[in-house]
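One structure, pasted below without further comment.
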Amino acid sequence: MNENTKKIISKSVGEIAENYDSSDILMLRDEAPLPDRNAVIEIVKGVRSVMFPGYFEGKVSCGAEPEYYIGSTLTELYEKLLRQLTLAFLYKKKRNVSDAAARRRAEEVCDGFFEKLPEIQRTLLKDVEAGFDGDPAAKSREEIICSYPGFLAICVYRIAHVLYAEGVPFIPRIMTEYAHGATGIDINSGAEIGEYFFIDHGTGVVIGETTEIGDRVKLYQGVTLGALSTRDGQKLSGKKRHPTVGSDVTIYANATILGGKTVIGDGAVIGGNTFITESVASGARVSAKAQELDIRTGRIKDIEYYI
Amino acid sequence: MNENTKKIISKSVGEIAENYDSSDILMLRDEAPLPDRNAVIEIVKGVRSVMFPGYFEGKVSCGAEPEYYIGSTLTELYEKLLRQLTLAFLYKKKRNVSDAAARRRAEEVCDGFFEKLPEIQRTLLKDVEAGFDGDPAAKSREEIICSYPGFLAICVYRIAHVLYAEGVPFIPRIMTEYAHGATGIDINSGAEIGEYFFIDHGTGVVIGETTEIGDRVKLYQGVTLGALSTRDGQKLSGKKRHPTVGSDVTIYANATILGGKTVIGDGAVIGGNTFITESVASGARVSAKAQELDIRTGRIKDIEYYI
Amino acid sequence: MNENTKKIISKSVGEIAENYDSSDILMLRDEAPLPDRNAVIEIVKGVRSVMFPGYFEGKVSCGAEPEYYIGSTLTELYEKLLRQLTLAFLYKKKRNVSDAAARRRAEEVCDGFFEKLPEIQRTLLKDVEAGFDGDPAAKSREEIICSYPGFLAICVYRIAHVLYAEGVPFIPRIMTEYAHGATGIDINSGAEIGEYFFIDHGTGVVIGETTEIGDRVKLYQGVTLGALSTRDGQKLSGKKRHPTVGSDVTIYANATILGGKTVIGDGAVIGGNTFITESVASGARVSAKAQELDIRTGRIKDIEYYI
Amino acid sequence: MNENTKKIISKSVGEIAENYDSSDILMLRDEAPLPDRNAVIEIVKGVRSVMFPGYFEGKVSCGAEPEYYIGSTLTELYEKLLRQLTLAFLYKKKRNVSDAAARRRAEEVCDGFFEKLPEIQRTLLKDVEAGFDGDPAAKSREEIICSYPGFLAICVYRIAHVLYAEGVPFIPRIMTEYAHGATGIDINSGAEIGEYFFIDHGTGVVIGETTEIGDRVKLYQGVTLGALSTRDGQKLSGKKRHPTVGSDVTIYANATILGGKTVIGDGAVIGGNTFITESVASGARVSAKAQELDIRTGRIKDIEYYI
Amino acid sequence: MNENTKKIISKSVGEIAENYDSSDILMLRDEAPLPDRNAVIEIVKGVRSVMFPGYFEGKVSCGAEPEYYIGSTLTELYEKLLRQLTLAFLYKKKRNVSDAAARRRAEEVCDGFFEKLPEIQRTLLKDVEAGFDGDPAAKSREEIICSYPGFLAICVYRIAHVLYAEGVPFIPRIMTEYAHGATGIDINSGAEIGEYFFIDHGTGVVIGETTEIGDRVKLYQGVTLGALSTRDGQKLSGKKRHPTVGSDVTIYANATILGGKTVIGDGAVIGGNTFITESVASGARVSAKAQELDIRTGRIKDIEYYI
Amino acid sequence: MNENTKKIISKSVGEIAENYDSSDILMLRDEAPLPDRNAVIEIVKGVRSVMFPGYFEGKVSCGAEPEYYIGSTLTELYEKLLRQLTLAFLYKKKRNVSDAAARRRAEEVCDGFFEKLPEIQRTLLKDVEAGFDGDPAAKSREEIICSYPGFLAICVYRIAHVLYAEGVPFIPRIMTEYAHGATGIDINSGAEIGEYFFIDHGTGVVIGETTEIGDRVKLYQGVTLGALSTRDGQKLSGKKRHPTVGSDVTIYANATILGGKTVIGDGAVIGGNTFITESVASGARVSAKAQELDIRTGRIKDIEYYI
């Protein structure tokens, strides 16, 4: 490293150190680290493995007693989750909460989480059915469990939702962003989603924090259930900002449905590429408009596709 | 772990064990594991490496004789693929097929796959050309091979398609879902796709199982070539459900084209954000409609963009 | 391996070796390897870690002096980047440039890059503010830094842009494709993007090479700022082909805006799922058209959503 | 790689291929690989972990029920050991034994091994006592378990001995050579060793295949219990060739005791650096002779140290 | 797994769980894990790397300022060591010491350790000189640092000795057993060893806890400086049990010197394979006796080798 | 980290930086790193794998043509060795040799090394025979190849010796110290060793740089073929300092034989624990003296064991 480079590095080192001082979010304190992203993802994968034994990470056999496998896996997961929950509560409330109180709260949440696991597993088995019934390209239920990104996203959402409901900071977001990165499906852990839910292909799907969805709903790739934009974001925090979708609704690819007052009635079918900011009646069908130019005649005709 | 937590864990262990018993897809048997996802992905990467030496995973030089490198890599890949194929045939047909028969079938498929590799390589070189000609932002052909997600997705599709055509269960899906996760491009391995194919950017592209695509077709991000939704999914299994796209067609971003009877004629240009469920004539241009609100006058005018 | 298989392998080995000979991009020479994708990604992660200490990869404390941590990290990163830059310059210009000249050019670029780091860090802190103000679902600024894919993509873009501006081959592309793969957001490193930039959710966003974007712009998932398609790609290389977006613009999900002459005026709001190939006035609001079929009456009505 | 180098490589490739053909131990057949060394070592470590929970590889807590941890670990170990045993029986007897027969034999041995585990654990706890009583430098029993090479070697020997007794090929040797490499202590798995056995420091200790050792014996580093040399090795295979050591014997560092007829009587003390090829009576003390040169007077005197 | 095997596993699980209950060293409590062996070894390697930059683990350059590298490495090491020290103090004294007190004691020891590091480094540089002067086979000082097992063992000893002197439990032993495993040289961290110390080859060397060694001493492989055996081990704990060796002494291979009252005077030369349990005068030379059998004549003569 | 600790760290950082400045072996320059220890060990393992296919690291099958496997492995090894040789020549002679000259010299040595590989392989096959004939505990030749530490040490020695003979710095030492660490057998790469060489058990064996050994020699654990000690080490560098051992010699455990003029005649048998500094005639047998104390009578008798 020549002298000039050394000078440049030294100068940048000094400036970055100044930047650290200038922002209270840059100089994280030793005693209160954030939850660890990789550890949280490992927890999600572990929970998934125990709910669907033999599908992931090479674990095939439960051996002499399935209880051995389930019990030892849950024990390990309990300790890992407890540690991350404690970090989350300490970080978020660091000025108001003692170590012991954060630990106690983490134990409460952790206990509740493990109590709900069998129920989550049963719900996910219904989501597998929804996928198998909804996709002729699925060759088997097993394929859905081990390969379908939509199922991965729902699985992670259902796990994260339990923690969101307990007001856990950071961790539900880390979980759903892991699924988002892996699948392109962004389900906020705050959404309320019914049974037999299926997302086909899924890339680009967004389901916002205050979305409500009924039973037997099917979404295709690129569907947004979002909020209208705001420039004063934090003032709307906690308010209902995302649509309510009834039961037995189908929403085709790339439909964009926005707003907290927007209700999609039961049984409605929303066409692809629509942009919807008002409610749609039960049983209605909505489709986008297009036009076709006949290149030989130069004539343009409206085309209105039905679904 | 305190006594209450121990009780909660024990109870959940018991319930999850019951869930295992209640579903025939949860208690995977020792003797018939699923193909291993990571192993399948390693095979895809290995095949890609040998077709494009020097681009991936640090392999640069072929040394004394390229045959050494190619031969040893193919030998390793053959054994890995044979093992995964055997697992796939055993799992799928486990009640009807002996170990030896599954192994024989796996050998047949494996032999056929390696016989076709040089041809696949030549086809992919044409896809590189299509990318270089189709994207002014491409600085070199090398950049397309090593960085373009569209090329990765096509490469994996062309590999997986050979196995799909032989009726291999699970593995083609695992391959294309790997590419889907890495690129956001979901090409079902059953699709039939011609030469000089290019997908630009690609996130959100979906190409369904029974899609047919001609030569020199170019797709942008978010394009769906999909099926109309069904609630009786498995009855349509194996039926033509996805569009037929001619040669020399360009389809802009986020166009959604659905249905097994929908034909996009040769040379057509489909505008972005269109939703199409009927056929489009050769050479036609289709575009979506929009409206513009002049915020000062309050007037709304239709806008019809041409492409 | 039986004799038939051996024959098949040998034949394919021979054909692949012939394919190597037939294409000048397949037989990479020992002396001029491409930059290493994994190494480049490690550099991006390292730069991100030093700008946001404590958020990534377990590094929490700066210990006795933050300068120790910053200085040692920058030193390591300098060496790694220098090596990859040298490879990039050698490969690209291999016929015209000596090793020493490539190394010298790499040092120049590397020095410039490290000089700009503190400024990039300050700009990114403004992007964090934009995210916090723009998203009511954000529980804290920390969450944006550690979890938001939009922030990851902008961060990588701002790093890669410095190298793009110096004409570095391969490396800026590898960087932004890494972010693209992780987030579904594809920002070409050539784009010019102002301050307080926020992309929400982000999957499917495409921002082309010659795009210009003002300050305080907010994009949602699936937005394309792209070029019109061309079949003679390389002739347009370097030309302005992508839109210009003013300041204070909001663009909703899945809007597709194309063309080098297309200007979106300051303060405009572009509705979701629009397809736009012409300029939009300052302050205008553009939205897509749709129609709704009342399934009971069979009547269709146009619906024109406002935003 | 220049042309000359290419020629050299090609020539060596050919010659090595010829060497493969010339020796029946070089061209291992696909169908019958050797047991995997790393897998065998992992089994040893796993068995050790379950016998001494919390000491190795980070496992600390048994959680809700110790049975979960023990059961799941034994299940995993059972499958791993079964696989290696099957390989061992197939390789060794490949001409005479069917796959199914090898598998059955492996199951028998594996069952027996896991049945004996609790007993091995109890014996090892006595060895810990022997170490704690025999070494004033031991600060705690825990230190012996987690750090003492002598204890590691005995632990591995007691595990391997069960498999040796069942005539398992390769695997007992791989196990004891793992301990040999880690500690410098080479205990052949065929030796018969009593309770409360302690080896202090241990580097260089050799205990041959047909050695017999009583209870409460203590060895120091460098002690050999070996065979007289032979040039017709295989003729002596299976014959008693190594010493018999009674109970309550102490053998100091670097003593070399050879021969199948050599008996060291109960309670004997063997001095360091002795070379012994005949029996030693119970209670006897044996020590080496030395001489001291007084450098000032030039006089030499015999020195006979007592122990 | 067949039913019989399941029964065997279940039975062993139960017995092992009983064994856990029967021994207070087997059921390690959650709250007080042992220090982590791998973490301790990483600390040793880290300290070694910072004292000898460029020799180990790929670190070559100190970049802009050596202080960056040293400072960031020491900071990381401080945190790691502090954590392991806290665990060690908590475990050892768990009934008497609060978490806070253990942490405070750990900080004291850690501070002292890092204060002494530069001095240790200077002492080790003298040991390098001793090696270079003492071994004609050493081609350079660098070779001694990066390859000589004797130097590794001394380096680890000098690090561990600082912690031993502070009464740290477990950790000094883990450190020296790491070196013992890697080199076959077992130096108890309690020994007192002077400057310019050199161990050549080293396998089998044992230096006991209460050994004292002067300056400029040279040991060969297999040398034991040990204690006389005892069956009441713990009663002698803390007593002087190992030899005192003066300055400028040379001890040849495999010499065994035992006992706390045994003094080897300054400048003495101890021949190989001697067994010594009494003091040797300054300047004396001691050698073992042997006899030679003339195989042709059958005659035996005493041979007394001088050194 | 509290303020006091920060001060201590800062002070130590400064002192260590001073230590760097004070010694010319501590501040390694960027441009001339030492060869990489791990890379050199990988080369040794790779060479071993190609000579004994199927024994190590999971490689079992040579597939279609053994030439593929051999050729690709040698190509990879060639490049790795070439890089390390270049580093070694640059470091050692850094003031006198250009990069290009170092590279040329490295190529020469590398070419020679790969030319000799098939011959080394044939010699090692003879060493396997020597082991099988010499050890009744060997159950098969395969066991010797995959498990015997003596064979590992000889294998590494024969590889390293070729490089020693070419005057390569550092690398032969790194190789043999790797074997030393793994087996406790320290064979200097400079020694000259004949065919059919066998070392049984091996821990503690030392064979010095100028040792010469004939054919069909057998050594046991702890045997030293060493030099007399010197305090002016470097003056003797390159001189004959170690014994000459004839053919058909057997040397029992822990014998120490020293000096460059010491010759052990053909067919001699050296007893265990002897210390020999003068020549031994062909066919002679040498054994150590001991004495036995009858604890009941108090009488001492000389014992002279024969071998």
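Points to keep in mind about this one:
Per-chain residue numbering starts at 1, and chain names A, B, C, D, E and F are given in the order in which the chains are listed.
One rule holds in what follows: contacts are C-beta pairs under 8 Å (C-beta built on N, C-alpha and C of every residue); 3 or more make two chains touch, one makes a residue touch a chain.
Here the structure is a predicted model, which is why all the values come from computation and not from measurement.
Chains that count as touching both chain C and chain E, per the definition above, are A, F. Taking B-C and B-F together, the pair of chains sharing more C-beta contacts is B-C.
Residue-number overlap of contact pairs with B-D passes half for only one option from E-F, C-E or C-F: C-F.
For the pair chain D and chain F, the distance between mean C-alpha positions equals 23 Å. Remark: chain A and chain D have CA centroids separated by 53 Å (rounded to whole angstrom). Residue positions of chain A touching 2 or more other chains, listed in rising order: 1, 5, 9-10, 13, 30, 61-65, 67-68, 70-71, 74-75, 78, 184, 203-204, 222, 254, 271, 273-274, 287-289, 306. Taken pairwise by the contact criterion, the protein chains fit none of the simple patterns, being neither a path, a ring, a star nor fully connected. Taken pair by pair, the chains that touch are A-B, A-C, A-D, A-E, B-C, B-D, B-F, C-E, C-F, D-E, D-F, E-F. Those residues of chain D that touch chain A in the shared complex are 61-65, 67-76, 78-79. Contact residues of chain A toward chain B in the complex are 50-56, 58, 60-62, 66-67, 70-71, 74-75, 78, 107, 110-111, 114-115, 117-118, 121-122, 125, 128, 132-143, 145-149, 182-184, 201, 203-204, 218, 220-222, 250, 252-254, 269, 271-274, 287-296, 300, 302-303, 305-307.
The touching residues of chain F, counted against chain C in their complex, run 1, 5-6, 9-10, 13, 61, 63-65, 68.
Residues 1-2, 4-5, 8-20, 23, 25-28, 30, 33-34, 36-37, 91-92, 169-170, 173-174, 177, 180-181, 184, 186, 188, 190, 203-204, 206, 208-209, 222, 224, 226-239, 241, 254-256, 258, 271, 273-278, 280-281, 283-289, 304, 306 of chain D touch chain F in their complex.
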